[in-house]
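Next come two complexes, and both contain subunit A; in the first it sits with subunit B, in the second with subunit C.
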Partner chain A sequence: MQVRVRCKMSGKITWLIILLVGLHLLLLLAGFVAPYDPAAQNRELPYAPPTRLHLWDSSRFHLRPFVYPWSPVDDGYREDRSQAYPVHAFVRGDSYRFLGLFESNLHLFGVENPGKCLLLGADAFGRDEFSRVLYGGQISVAAGIVATAVTLFVGSVIGVVAGYYGGWIDETLMGTTELFLSLPWLYFLLGVRAFLPLHVSAVRTFFLLTCVIGLIGWARPARLVRGVVLSSRTRNYVSAARGFGGADFYLLRRHIAPETFGVLLTQAAMLVPRYIAAEVALSFFGLGVNEPTASWGNMLSALQQYSVLISYGWLLAPAAALFVTSVIYYLLADALHSRLESR
Partner chain B sequence: MSYLVRRLVRGILLLAGVSVLCFLFTEMAPGSFFDEMRVNPQISPETIAGLRAQHGLDQPLVVRYGRWVKSALHADLGYSIAYNTPVAPLLWSRAKNTLLLTLTAMVLTWGISLPLGLWAAAKRGGVLDRAITVISSLLIAVPEIVIALALLATAARWRLTPVGGMVSSNFEELSGWEQFRDVVAHLTLPVVILVLCESAVIVRHVRASVLEVLGASYVQTARGLGISRGRLLFRHVLPVAANPAISLFGFSLAGLISGSMLVEVICGWPGLGPLVLDATFSRDLYVVIGGIMFSALFMLGGNMVADIMLMVSDPRIRTGAADAG
Partner chain C sequence: MDGTGKVLVAVRGLSVAYTLANGSRIPAVDDLSLAIGSEEIVGILGESGCGKSTLANALLRLLPAGAVCEQGEILFRGRNLLRMSERELRAIRGREVTFVPQDPALSLNPVLSVGSQVAEILRAHLPLGRKQRRARVLELLGEVGFVRPEEIYDAYPHQLSGGQRQRIAIAQAVACRPALLIADEPTSKLDAPLQEEIVALLAQIRRKHGTAILVISHDPAMFAGFIDSIAVMYAGKIVEIGNTAQILRQPLHPYTQALVEMAKSAVGAPVRTHFASIEGESPNPAAFPVGCRFEPRCRERMEICVQRYPPSFVPMPARPVSCFKYGE
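Let's look at the complex of A and B:
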């Protein structure tokens, strides 16, 4: 029975991980999947709604979907039915660097110029929202992952030291965790951000941001790791290894650190979506990655104008992407947590 | 009593720790409020240096911190360069709005999630229980900013509630009752967002702690003695299950205050959040530090209330039996 539950759990975890890998591949290959360059503007198409994919024209059915271009009218856009552009797979378009390695201009799908296939509409500058969601996801999700790595590294080092050495070291460190845990993190995050330079290059902003987000959250993993270390420190096999003359560092690396792996993995799955959301919140406020680099946060900040929010609902697409990402990560964290508990 | 005193001392130490952290971070700040002026050719470098000296920005960290502590003890919390006033009154005028928002949200959150959690635990495995589990999972998984934007878009699209600000533009002309209704109408959306975000976690914890107590052997005995279900729940289970729930109350405040900052900025509620955000942009550091201190102060106040409630509800704490550390 126990085994069956475990198997079912592992199956679920496998599926979630496959889903997650797929999602990250989609973002990683943004250049290929996205039909347009994220910075390419179409000044004649501001706030163009999502392009409709058609299968029927006036006379007959087409197996290959096609689109009509938007033509501006007084109160928005109307489909210009005079010219249809079929959607092709593997077309040549804007050039990009494939995985940052080599130049390419092959895209998964697209239409011939001057037709435009804006799957999720366009923003104020007529930039393709779909492409920007993919490219912006690269920044936001990478920020979440890097910040999680920073947090877990700092948290586990501090947790291991506190748990293993105990005494006044433990008390001081745990007192500090209480300080960090009791702060409303968003105010604190904003405060720390306030003390860093406002206008620097996108790359530096990215690393400052991830470090700040990551360094604020170390307290909880530190506590959890400390707990695991405390309980495993007194295990017989650790005492035995110590009796055979194992040095502190050897004991930590060989016998104690592996015990914390399960906790760290669960924490990672829990923290990544939270830190993605933190990056999104900061960029939404205008304190994160700046234009023209796309990130989910700075894309959403256009919605701070209520008129935009009401009229151009498709600009909520980054929020939807964040929603999907968070839910998958949450399910994974939940499954990992139950597996850890059932041991 | 000594328990409360110890908690109070701890709280004050925590505040001191927060302020030291803030000042350590200011040391890392490369820019200052007067950087923008430096670009302006009409202002000489001497003027800027004079202004810096006037605000004490040229002093070393320890001196600045000492001055700030002195000013904090005079209930000023430093001097805002942008607004040209002491920080504390400035923050307080905004903090009232934040308090209105967070307190309303907190009362509603607990008013909703306590009965729901109790009910879900009492009817474990029922339709309501499963519905609550699914919905709360979803609400926990989805980031606050997504919930906030989605609700804001919905409310604005179908004109369900007024959007933006705290009062309508013709607020001054309204009668007292209409003014009240106007504020309530503006308050609805931010409060609903906060309640949705916060109550999911609390319902789950209440449900879990009630379930744990329901499994205890003394409850089984009481049930065996034929005590009615209602009396069992409210007389025997709830007081014991209240303990972890009250501890959670203190912790949930941190989330509520962070959440309210986000919601204030998104919904345009004139609370501490937008003020601190503006101060961040203009590098008005004392306002930022003051904002952090205020939010930490709210949290500590809430934690003190939780401690007092714990003392009332849990005899072990009153007698000091459970106090090992």
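Let's look at the complex of A and C:
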């Protein structure tokens, strides 16, 4: 496809895209960035608070930050100052598969055993919350992106068919669309999930989940795409191309589909955070991804207990990650939308 | 007929009608017959709303939704276009019968380079490789008068002037060396000097490649010296056919006479004090009169004119005309 639209990207969009790429790289390289295996437990450190990074010890300043290990006391944890563990970059630790391709045990940072560097504290099993936020983000964000792809694919096929062929096809499809738009999607999601088996492997759950989420949301993009197709179908250059012997599929591919890209892009930026939130909601209720696989949703489900929520605030980290991710996506969607409008 | 004498397109008894949303039927082209010889340039002359654009669209079977060819046949090289499948039509459109659109500013996709839009037509119809296509497009661009085809190839429509865009549209139309080119008001969006250039270009295309051309216009002045024969159309019917020079010099039908007179007065007057026009309005297609359709505006109306539609009389050799002045 040689659609070359020469235009300057506005600075705002560029920055947001750079931010998003950085965020996704961070998640993609979770194995390397995270210092620990997300499932590795430290039974002697349940609900350990975030490890403090120190630069000063009792006598002098250190260029390299160091940590003191937590030692349990009656009402929580206390730093054991008898031994300091400096934080090193590129250390060997738990093994992981780099990008799912090959085995590695190199980590961006870490401290020597038995010291622990728990940047965001630990959960009930003493698992490193920071590592779990990164690994959990892989699942949650991937679910959002895959579900968005499913939605946009189904939505644009239905929208294009309805808009291009019109008539009773259009009426039937748009009637169905109305039906789907009027569904209360969260309850529908819970209902559909309730029909599916509860105990299946993490991978299958993931795909079931994304398909269910993705198949619910196609109605809105379908409608928007239909609108674009409807108006571009009657453009003179489309009828001219038909007059020069262009077949339906050619007209759609060459002249009509490219016009829907702007709408699809904006929709994608809006749907990804929404679908991440959907995965988080389902997993939060225990209907999504199951332990021990981390996802932002099932990590937050520990906070269903009020005592946990008020005592161990660092366990809200996945919510913060979700918030930041969503804000970036929504800002991008907004910027793309206003760019589309101003054209 | 000036061409080779062989008939390329024969329209016989064609009726096209629009059906409105409220169910009423509007005939746009009514029992119309017309022949276009190969290598001939035929002009259709008529006011707006007389059905000339509908006729042009019918020739490519590209009628808008709601319009139907109800009767008649359109024979292209002896094959009836009205009985062809979409697939057969696609093979003819752009390859053998093509058109120059009215407004190339709208008929070119704004986000594709103009060269690629000419190449698309070659790709649809001819088995050429990528490089051959590009070479062919450059050749075509040169042929329609671009001095530096290479630069034009990668330009986008908005970077070109109206005249240049019209040339691109003509390059598209002649890309596959069609047998018939339909030009619907090819110069209506251009100013006078450009109009002449485009007309000259069309004439040159016919000379070089023997393409038959059907030109549709409301302006008799445009036809002089360029078109072989003229068919004058009024309210969905052809009222007079003849050699261009004869029609312009000695129009037979009162409607043609009025048109030609108007065009002459427009050319003659150095400063136009008023716009010449034919009194009255063309009849409402939903309720055409039984008799001659020009009768309400005609200066020479007779009693018989309201009773039935005049058949075709031939008062002079090769000059059929539908008017009771020439017989009964």
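Points to keep in mind about this one:
Definition applied: the second predicted complex is superposed on the first by the 334 of 343 C-alpha atoms of A that agree within 3 Å, B and C clash if a C-alpha of one lies under 4 Å from a C-alpha of the other, contacts with A are read in each partner's own complex, and residues count from 1 in each chain.
What we mean here is this: contacts are C-beta pairs under 8 Å (C-beta built on N, C-alpha and C of every residue); 3 or more make two chains touch, one makes a residue touch a chain.
A quick note: this is a predicted structure, and the numbers were derived from the prediction, not measured.
With the two structures aligned on subunit A, subunit B fits next to subunit C without clashing. Taking Cα centres throughout, subunit A sits at the apex of an angle toward subunit B and subunit C that amounts to 80 degrees, reported as a multiple of 10.
Which of subunit B and subunit C touches more residues of subunit A is settled by the count: it is B. Looking at the shared chain after the overlay, A:Ala241 reaches subunit C, while subunit B stays out of its contact range. Residue contacts after overlaying the shared chain place A:Leu322 against subunit B, while subunit C stays out of touching range.
Of the two partner chains, neither subunit B nor subunit C is touched by A:Ala89.
Of the two partner chains placed by superposition, only subunit C is touched by A:His255; subunit B is not. In the superposition on chain A, contact is made by A:Phe188 with subunit B only, not with subunit C. In the superposed pair of complexes, A:Leu101 makes contact with neither subunit B nor subunit C. Nearest C-alpha atoms belonging to subunit B and subunit C sit 13 Å apart in the superposition, given in whole angstrom. Chain contact summary for the complex, subunit C toward subunit A: residues 60, 62, 90-95, 98-99, 101, 103, 106-109, 111-113, 116, 120-121, 124-125, 172.
Within the complex formed with subunit C, the subunit A residues making contact are 2-5, 235-237, 239-247, 250, 254-255, 258.
Within the complex formed with subunit A, the subunit B residues making contact are 14, 17-18, 21-22, 25-26, 28-31, 137-138, 140-146, 149-150, 152-153, 156-157, 163-164, 253-255, 257-259, 261-262, 265-266, 276-277, 279-281, 283, 285, 288-289, 291-292, 295-296, 298-300, 303. By the touch rule above, subunit A contacts subunit B in their complex via residues 176, 178-179, 181-188, 190-198, 273-274, 276-277, 280-281, 284-287, 300, 303-304, 306, 309-310, 313, 316, 319, 322-323, 326-327, 329-331, 334.
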